[in-house]
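One structure below.
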Amino acid sequence: MGNSFGELFRITTWGESHGGGVGVVIDGCPPRLALTEKDLQPDLARRRPGQSRITTQRQETDAVRILSGTFEGKTLGTPISLLVENTDQRSEAYTEMQTKYRPSHADYTYDAKYGIRAWPGGGRTSARETIGRVAAGAIAKKILKKLFGVEVLACVQQVQKISAEINPDKFTLKQVEANIIRCPHKATAEKMIRLIDRTRKAGDSVGGVLLGVARGVPVGWGEPVFDRLEADLAKAMLSLPASKGFEIGSGFGGIAMKGSEHNDPFRMRGGKVRTTANRSGGVQGGISNGETIYFRTVFKPTATILQSQDTVSAAGKNVKLKARGRHDPCVLPRAVPMVEAMTALVLVDHALRHRAQNGK
Amino acid sequence: MGNSFGELFRITTWGESHGGGVGVVIDGCPPRLALTEKDLQPDLARRRPGQSRITTQRQETDAVRILSGTFEGKTLGTPISLLVENTDQRSEAYTEMQTKYRPSHADYTYDAKYGIRAWPGGGRTSARETIGRVAAGAIAKKILKKLFGVEVLACVQQVQKISAEINPDKFTLKQVEANIIRCPHKATAEKMIRLIDRTRKAGDSVGGVLLGVARGVPVGWGEPVFDRLEADLAKAMLSLPASKGFEIGSGFGGIAMKGSEHNDPFRMRGGKVRTTANRSGGVQGGISNGETIYFRTVFKPTATILQSQDTVSAAGKNVKLKARGRHDPCVLPRAVPMVEAMTALVLVDHALRHRAQNGK
Amino acid sequence: MGNSFGELFRITTWGESHGGGVGVVIDGCPPRLALTEKDLQPDLARRRPGQSRITTQRQETDAVRILSGTFEGKTLGTPISLLVENTDQRSEAYTEMQTKYRPSHADYTYDAKYGIRAWPGGGRTSARETIGRVAAGAIAKKILKKLFGVEVLACVQQVQKISAEINPDKFTLKQVEANIIRCPHKATAEKMIRLIDRTRKAGDSVGGVLLGVARGVPVGWGEPVFDRLEADLAKAMLSLPASKGFEIGSGFGGIAMKGSEHNDPFRMRGGKVRTTANRSGGVQGGISNGETIYFRTVFKPTATILQSQDTVSAAGKNVKLKARGRHDPCVLPRAVPMVEAMTALVLVDHALRHRAQNGK
Amino acid sequence: MGNSFGELFRITTWGESHGGGVGVVIDGCPPRLALTEKDLQPDLARRRPGQSRITTQRQETDAVRILSGTFEGKTLGTPISLLVENTDQRSEAYTEMQTKYRPSHADYTYDAKYGIRAWPGGGRTSARETIGRVAAGAIAKKILKKLFGVEVLACVQQVQKISAEINPDKFTLKQVEANIIRCPHKATAEKMIRLIDRTRKAGDSVGGVLLGVARGVPVGWGEPVFDRLEADLAKAMLSLPASKGFEIGSGFGGIAMKGSEHNDPFRMRGGKVRTTANRSGGVQGGISNGETIYFRTVFKPTATILQSQDTVSAAGKNVKLKARGRHDPCVLPRAVPMVEAMTALVLVDHALRHRAQNGK
């Protein structure tokens, strides 16, 4: 259970790191949308390992095939099935994982829950699972842009203690893609990269914070009471592996203020109801208010490191484990397309719900 | 849409602040559980306005009636319908709200979304909606305790910048209930109360952070990939009115560490696989690992204040709005039972899912 | 579980025959629809016991209250909670039911499933549960008529072996309501009533067939593959107590024909694609084709009879049971509004799904 | 939407007749079940075209691959993704279908609903979609047998007017598989086959009735109110292409009886509560009562025939259409594994729901 996300635009991901492949089925995509593999491959390239020296060096090409749901380059309104076959299957690199639980990984909890575990490459717990999300998210982003004029974008805002000031309304995809850490603030990006380089050489890892935004969302998306936009976004972000927190608008920082300082005043502007500040993060009462939606999500330092660690074996013995070979010193740049994908999936679902209720 | 929460233990809340009442229907409660109104009333008392000088002074008794789902004091396995009638309906206190949008409230977004709005008391956006959650949560807490030996508890950890050190494994309900701010650290509680008193007299408000814990959760609850425990908890918390963020375990603070510092080492203890630290917050890979689950959620300063604010009217004019009468300087102590309720609802749902898959 | 129906127009019924009352919560009703109790009471009157000599003589007034979801006579887009309090609670009439399982009732299966049973009046298995459906169905019918120009109607077509020829395109509500059996063919209705009168005096009961229709459904409603219109209608009908079968269009009778005889030829008529026969029953490939949707559902003879029957006791002894007092010789006329309600609930849900996908 | 079935054992099918393939994702399969392609291929062979002279002669091998969800021959508890690649893609055989709507097919309704249609082979409306169901059903049948001791079986009971007496408690898989029509009554089977042979040579088609049974279902499965076992079975059957009706137990025939004749008396037998007749069809109040569950579902005569028919073109002209080449004179024997699959999917879902609520 738990492998589906969304109500009206519903994705179901499947696949282990070692096996036939990984993929996703998307149910609820509107018909007559132009769609080919070329729409999906760019985001998969942003997600794939081996894209730069600061991420894991596993080589995966992640070529996606559309198996169903399109005809002559257009969506049919039927389920879209996407497949990425597994290729880099060096399971010998994981032999020690068969008998020892990696600290702060899911090896132990999977074993306890299911009584069985696909240990090579982490099986279902591998980040390869996010391939399906990113591919589906690319479709969701295209729908948002074409049908609703909404732009979804994410970037790396902070690595360890190195943080950039970023205006949610203004940074561009081009700026994000201009460097390998995907921080749109060039000088900060360079500092981040130097830190990661040092960490990588020590066989260690860092965490950080991503900023996600959605621009151009019309007033009225979001369903109170439980399916508030920010609630669904929070779930979406916390469903990403390694994420440990979420905040929207002023977030945890907002409590430094009193109510009189924190409230966003309304003013008419260009004939529209607007707010003169955006501490609400574009959402009020769970419903979009027409301002830019922005939020932050935190990723812990990657668990796999090349240092010896205390752990236990599946047989219940205290042992040492030292991962060998490749590790991922910083998952953040690869997480950028994941954050965009999950954001887009939440928004397109709410866009369709809004159409159901309002007929437009 | 969006008024239901949970899959196997599913609640549906309903009701506006002014109208016949508010309530909840609970579908999926196991049969043969002892249950009367007396099980529900204590948490409703912890939630209700007027309970102390530092919260809103509206007087609501919130007496709950069980309309269905029990027979001779035991649950039937059929839907439990709970009703709290509305009593304190002084809608004249809200007249100005009919024509002016309260800043950082949901008046404007509701109007834009639905084209109609129950303006007295905020209608569906009123915190009275949480009565249904708290009552259902009391049932969920009882199930967790009786059937699974799990204890759910929450408290106030921080008010504005005043913060308490609290050990998630150790604070007690008695400590929480010992003061009106519901912070188990007595000295800090007193500082918090003094701050709120000052703020209240200025007609202003404060926000803060709540800590939620679940103790005794067995290994194996939680459904990867999307319905991870932490993802469902994040959604649950962000679905509460005024909440702006969520973090589990080390959360946003965890990124100050490197992976080698952040990982939780495994060690055998008492014949069980345990971790010697708990930066994971009791969840790994979306699945409980047997350690205490703990998380923090932030509530912004209450939006209703007794000061003049810039806003717009429903007719599209720039106007001033100054709320009169009662306001809620600090919603945090009343949010404690809400956080407990939502936590318990998430956990009991996952407990039942686990039983479905594992037969126990 | 299992007390909700629908995805986008979702109802949740609750209540036992003896207890606080019965009711329903409706989530997903579009906003700004005129709605008061007067819209609901007529169908509840068609459903209630005691309405004529040929149904059960229990006296229930079934006065409904709208507890939430409307403001100044219009829907808010928030959940609509409806309550009918229980009044006629003569539980002593059911004393024998406490210890003996009524044949072909749900007493035994409930006891086995839940380990507890609200025996007075049948508890949750009472037909009072359908009050919530009928009230919600009245709202669904109103939405279909006002927003989509669709008319839903049902009638009694057959009682035991007495059957009427009825054209699905032509019979009217006025004809249906012209007699107590709700068969629009007057002469057949009289025969049916005479048969029921004889049966009633013998303390026995009859079953029969209802015809349900939906006129004016536009082309394109229905979701292949699993949520075909006919599949959802079949589930809706079989969810009614005492129903044992469903057929759409030619149904079981269609197999007397060869494919060349059974296919519905297409022809252009009035600029539209139409069929010159309607053995499909208005649905092709799970999707409405613009013709009248019609189907039949069968109700078994009512299980409660005033004759001595073999059964077993809760203690596991072979015993005799003879119901006393009132029984229901023919549930069919009261089932007419139930069939209409379930049909309308299915259709309004698909109407909203169609809007979600097509934006109109 | 609408391409998923089930709550706790949830399948999502995808695929068009011409494209990359067809498949299914199964979420909720219990872990540690032995499973390889060999478990799935036999039922796919019973479903595939070209298996005998009385069905369509298209040659499809339908070799299935398990892409995920198993490890070393055992299920992991993660999603099982199954793929059958498309091979026999002679789309030129369907050229006329590009511009003319086949009568009583879904060509027209799909075009109207989606504004686009994968015309080769019928696209998503092709019976190839049922491959995913049958493969998932084979897994469901295995779970039912291994974990719960339940046997699911179906057969052909009637072709046009030729009908067999079949005892739901007694016929065997071996008898069903003994002839190409899959009717366990040998003499009747021969008559059926002769009729189909004649019909086939005339380029025409026949319909008929299938009998489905589930033996050994324990007391207590099924969820009142809406998710009754018979309601979910009815939906399951009506979701199959070409099915037009469903009846459980006495079904439409039951109304010839009075209540005193129709009720199933309870008697103690072997220390258990049993019924001495089974007109209820093994279900009372939506819940299994421990007797054999049996039901019948009707399939209309196959729509594709080799005779000239009136229809309209996509351009809105009245035209003639005569299908060429291969047609399917009788879909019934191939529908047998489909009925078994859908039955098993319903039952395994309810088995898991029962475990959720009762812990066993």
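Order as written gives the chain letters A, B, C and D; numbering starts at 1 within each chain.
Definition applied: a contact is a pair of C-beta atoms (placed from the backbone, for glycine too) under 8 Å apart; a residue touches a chain by one contact, two chains touch by 3 or more.
What you see is a predicted model, and the numbers here were worked out from it, not measured in a lab.
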{"item": "For chain A and chain C, chains touching each", "value": "B, D"}
{"item": "Remotest chain, chain D as reference, centres from CA atoms", "value": "B"}
{"item": "Chain A and chain B: spacing of chain centres that average the CA atoms, whole Å", "value": "26"}
{"item": "Centre distance in Å when chain B and chain D are each reduced to the mean of their C-alpha atoms", "value": "46"}
{"item": "Euclidean distance of C-alpha centroids - chain B vs chain C, Å", "value": "39"}
{"item": "Chain C: positions in contact with at least two other chains", "value": "1-4, 8, 13, 28, 31, 77, 113, 124, 224, 353, 356-358"}
{"item": "Chain D-touching residues of chain B, taken from the complex the two chains share", "value": "7-8, 28, 30-31, 77-78, 147, 224, 352-353, 355-360"}
{"item": "Interfacial residue positions of chain A with respect to chain B in the complex", "value": "1-5, 13, 101, 103-106, 108-110, 112-113, 124-125, 129, 158-161, 199, 204-209, 219-220, 222-228, 230-239, 241, 244-252, 254-268, 271, 273, 275-276, 279-281, 284-290, 298-305, 307, 309-312, 316-318, 353-354, 356-358"}
{"item": "Footprint of chain B on chain C - complex, ascending", "value": "1-4, 8, 10, 12-16, 19-23, 25, 27-28, 31-32, 65-71, 74-81, 83, 113-118, 123-124"}
